[in-house]
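Given below, in the form of structure tokens, are the structures.
Look at the two complexes coming up: chain A is in both, with chain B in one and chain C in the other.
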Partner chain A sequence: MTTAVAAKDQVRTAMDPRRYLGDTWRHPVARAVVKAFLTIWVTTTLTFFLIRLMPGSPVELKIDELIQTSNGSLSYEDAKAIASGLFAINLNAPLYEQYLSFIWNLLHLDLGNSFLSSGTGVTSIILAVLPWTLFSVGTGLLLSFIVGIGLGLLAAYRRDSLLDRVVSTGGSLISSIPNYLIALMMILFLGVQTHLINFTGMRGAYTSGLQPGFTPAFIGDILYHASLPITIYFLTQIGHWILSMRSATLSALEEDYVTAARARGLSDGRIRTAYVGRNAVLPLVTQLAISVGFIVGGAAIIEQTFAYQGVGLRLLSAVTQRDYPVIQGIVMLTTIAVVVANLAADLLYSKLDPRIGRAGGAAG
Partner chain B sequence: MSTAILARPTAGQRLLGLWLACVGFLRLLSQRPVGLVGFIGIVFFLLLAFVAPLFVPFQNDPSLVDIYLTPSQAHPLGTDFQGKDVLNQIVFGGRDILTVAILAALVSTVIAITFGSIAAIVGGRVDSTILAITDVTLTLPKLILLIAVAAILRPTSFVFLAVILGLLQWSSLLRQIRAQVLSLKERDYVEAARSLDLGLFHIVFREILPTMRSYIAIHFIFAMTEAMYAQVFIVILGLVPVSGSNWGIMLYFAQGQGALFFRDSIWYILSPILAITLVQLSLVSFASALEDIFNPRLRGSA
Partner chain C sequence: MPVLSVRGLSIDYITRKGPVHAVRDVSFDLEKSETLAIIGESGSGKTTLAVGLIRLSPRGTKVTSGEILYTKKGLTTDVRTLDDDDLREYRWAEAAMVFQAALNSFNPVISIWEQFNDTARAHGMKDRRRVRDRADELLDLVHLDAKRVLPAFPHELSGGMKQRVLIALALMLEPQLVILDEPTTALDILTQRSIIDLLKQLRERLGFSMIFISHDLSIAAELADRMITMYAGRVVEEANVEDMFYRPRHPYSVGLLRAVPRVSGALGSVASIPGSPPDLMRLPKGCSYAPRCPYAIDECRAADPPLIPVDTPRHQAACIRWKHVAEVLGSNAEVPVAEKLA
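Our next item is the complex of A and B:
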């Protein structure tokens, strides 16, 4: 009888569009996807309007520059004509028209052309630098995650021991030093004062002239050039993972299922990995995605300090050159990358933790 | 009998209570050496930034013969690329940074408390709307956005910069406050206040928020460290029109003038680095000690 009621209920749900929508909204996967699209839309719209509303439009700036470099031989009208040709963009159209064509182009993955080198697509500019940032940030983040989780687990198992105090205090202290200051101190102490590291030789993403490819020499060179940014990302993230894992492990150790596993006579190693460790690490997966966004932002200053050719460095040079399409494209593409990472983490999390799907709420 | 309960304490009683609370707090803190060191550090830097400038004369005259001097009696921390005294700049360069950090933390905490408790108490559609907005802002790459926003709006006043920073960093605190209020509003004393029909305002500000006082204080400090990080970040990148002098601007000039690569200029560069680092370390270690004292179970769940 109950099954009949349930079936009837289901039919009604399928028939009533409003309830159907409501149920879909309650589904965590649907929520995560909608959230992701909403985030991307908000950021793109925000950057679009911010860039158009700012004082000192790119055309005016270019006109000023042209007049100045010509030493007064160009009149304002001549300079304006040259500048408009250079920009190849109708900045005088009404704002909503610009916005609509902007959205239309975005759907076609056409992010426009760089203001400065006409004909170079923003997408190709970004695709040339994005892999380096993703590579260095990803490596640093994964290393810190793995090492931090190991140390956090260890610290929790030896709670209040000397090792616990050193690891958790040290971790939180290192992580509270701003990453760009660590980078500056590295240059100061390892480069300028002691000459231990040759920083000028490590500039760029790889040594120019080397043939890119899957050769040992090239891979070694990439790692050599990325080693400083990776070290910084590692140092600034590790404390966070140690502390989070430590507290997650401590609360997991008090759970009944651990006691039950002990009572069943399972080995300590098995309890540590399959019971305590696995459950403690779960909530950290979502944090992993959130910190991707944070490190990608912080990467800008690190890449500038070490002259590492990633997205952050490109964004900064676009900002100083007031190259709006590039600024806009980088903000949008990094947001999309971060949002996709978050979405992946959300989906992974609901897969790994079956309770989430039933509770009907997103993680956290 | 009811007058005895409602009688307001006299000023003397209040002062005594405050004094006893301070002593008790310091005693608790002294059991956590790292936290105590952090507390002393915070007091030191607050005095340095807000009180010391009243007693020390401001020196702003460049002296071309004294460039990049190493520490001496006249210049305890050496001189910069214009021959200005570094110690003097450190003393005068803290006020703006700390003010912006406090203001930004204030903005973000007020937003988080207001909308977090509204979401938790009103519930329903209001709750899901606020939560959706929070989720969206939570995933934004904030520093990238900050670069773009600062490059576009060019914040010239420090108050404006503080507001921008505050607007970017309220989201995770809002979620935590909402969760706290959600669990607190089921408690008996809130239930009692509700049955007495004391009103939403009374319930939030007189019943729920006082219970979360220590929690809010801790997260206010963490918000300060975040704001300070972002602020120096944006200043070093040169995205804020530079005026006056603070620790971030010192670093910006040190990099711009190539001082980083002079061996003798290490004192000049290291001074602002150490000042910022020590403030951050003091704030974090003090806040973690507070967390330990007030919410031992919540530790690290943030």
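Our next item is the complex of A and C:
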């Protein structure tokens, strides 16, 4: 009798969809993934409505442009007719209809076509600009991270020395200057006043006319063109890494296990890497993973300053031209990147810090 | 020949307001297989002295004078003169230290096995299999299951287990000297007991010398052969355990003993010492215990009394009133101090 009841209970547990969903929800990874999708959906929806709230629709901008280029020979009505014909989406349709068709297309992984260069898919536009941004901002970020934690560690070890003062003062100074100001100062001093760098020749991601490919000439050219943006990304971020690493190292150095490691006669090198460095860098790895998410958004102003064809520059031009699908595509891409980076940061952290991932392990 | 002979050691903390004299002119000898307990209140300089013995004092600390003479196989060296490499070798291989905060003595992000291996490699044991065998043997010695403990991370072990692991790790290189800085303070009473029993067993089997720092007199009495009482950075009394317990001659030692509750005694027999330890930056003139001392006379405040032999040559106290203390306590040697004064 009792066994029969128990068996029945078990069957019910296995079948109950609410119980099943509840169990899934309790699984941390499943929960994180559901949250990620929710975030992306909310951001995308907000973007959709917000950009339509911006004054000036793409049709109006196009009408203005047509009238101006025709030197008044085109009437407003004619221009309007031509302009409306250029757009694949009916912008006069009710907002909810536009939204539903946008979501429907999105579910088919179709981001639509650009309004302005008709026939060009948003996906291919993004794919054309994304590598440049990933390359320039990513390199800047990685270099600043590596050099920054190195200098931060060194400064903490030589606390109150001249090197520490120079490095930490320099770090806090440079991290408080916005990147576009550094860019403008570089142009002003290195380009305009001293003519050390030929800025006009460095504009763009590579010299036009050069055949893209894995040739030394092309790679050299890419590096030449990217060098200034990379330098600026490097300079604007290194201060943060230096200061964070310095303070993390200082507190790690105070830990009992570092004193104990010294008492155990471990070599200074081993203590620096496995005991001080490894513990100090833990929180920074999470920050790095999150920063990686922001790479994708690029640095619009820097890319504009150097006419570097990255995501940020493309986003700026899409905004000024009210190219809705492109704006939406890029904002969504950035959102996804940030969300994924956050997820990765969580997973990475639990891998690096045994106290997180193995909670509830062997014993209390 | 003592294993360790400390001569006139003084350690200052350098602060903005001036030097803090944390350890003042400390001397003692530690024989082979002997256990020395150092007792005193918080802030009496016990821990500063202990870390000073392996030259691990924190930043801003300065050894102003003295010698730390370490003898191995008839060869005596002053630890203060060791260069970096020799010092690294001396630490753990000759003098291992079990810390007050054993709970935080392990690197949280690497496994216990890695920390054994790190220690072994730092002292030239490169063969992982031999290190593994040694770790198994040591953990067995402290009654832990090596298979379970070695792959674990520190946070997966309980406080008592961590303390045992640290003791095992301390014995890895068969040091002549093990310094234990309040090794049982953070543990519950049952775990304390098992750690003390363990230390007794290990000492008998392996014959190392121990310096045991504690404010818990009952534990100190159980383990120690000789005892030192420290007050305001100075040694105020040195004696073997029996003399210290039954015939203390420094009023501070008497006070410490009276502060220990006893199972047999009435509750009223427990008394704390009124007042608090002096500011180590501005020590009072004369005996630094005089302001709290019930037996102090004007003479006590004139000059800091030196350590002088009392009763026997191996029993020393820094008190000019020691005869008076002896009179107050009476001649009955078998009755514990607390009951005599109750």
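The criterion applied here is as follows: the second predicted complex is superposed on the first by the 294 of 364 C-alpha atoms of A that agree within 3 Å, B and C clash if a C-alpha of one lies under 4 Å from a C-alpha of the other, contacts with A are read in each partner's own complex, and residues count from 1 in each chain.
As a working rule, contacts are C-beta pairs under 8 Å (C-beta built on N, C-alpha and C of every residue); 3 or more make two chains touch, one makes a residue touch a chain.
Since this is a predicted model, take the numbers as computed values, not measurements.
Student: Identify whether chain B and chain C fit side by side or clash on chain A in the overlaid structures.
Tutor: Partners fit side by side after overlay.
Student: Any idea whether chain B or chain C touches more of chain A?
Tutor: More residues of chain A are touched by B.
Student: Using the superposition on chain A described above, determine whether A:Leu109 touches chain B (first), chain C (second), both, or neither.
Tutor: neither
Student: For A:Leu196, using the defined touch cut-off, is the partner it touches chain B, chain C, both, or neither? Pick first, second, both or neither.
Tutor: After superposition on chain A, A:Leu196 lies in contact with neither partner.
Student: With both complexes superposed on chain A, which partner does A:Leu282 reach: first (chain B), second (chain C), both or neither?
Tutor: second
Student: Determine, under the contact definition given at the top, whether A:Val331 touches first (chain B), second (chain C), both, or neither.
Tutor: Touch partner of A:Val331: chain B, not chain C.
Student: Of all C-alpha distances between chain B and chain C after superposition, which is the least, in Å?
Tutor: In the combined three-chain model, chain B comes within 13 Å of chain C at the C-alpha level.
Student: Touching chain B in one complex and chain C in the other: list those residues of chain A.
Tutor: 362, 364
Student: Over in the complex, which chain A residues touch chain C? Could you list them?
Tutor: 255-257, 259-267, 270, 274-275, 278-279, 282, 352-355, 358, 361-364
Student: Within their complex, state which residues of chain C touch chain A.
Tutor: Result: residues 51, 54, 56, 58, 88-93, 96-97, 99, 101, 104-111, 114, 118-119, 121-123, 148, 152-153, 155-158, 161, 166, 169 of chain C touch chain A.
Student: Residues of chain A touching chain B in their complex?
Tutor: 35-36, 38-39, 42-43, 46-47, 50-51, 53-55, 169, 172-173, 176-178, 180-181, 184-185, 187-188, 192-193, 243-244, 246-248, 290, 293-294, 296-298, 300-301, 304, 312, 315-316, 319-320, 327, 330-331, 334-335, 338-339, 342, 362, 364
Student: Note which residues of chain B are touching chain A in the complex, please.
Tutor: 34, 132, 135-136, 138-149, 151-154, 175, 225, 229, 232-233, 236-239, 251, 255, 260-263, 266, 269-270, 273, 276-277, 280-281, 283-285, 288, 299-301
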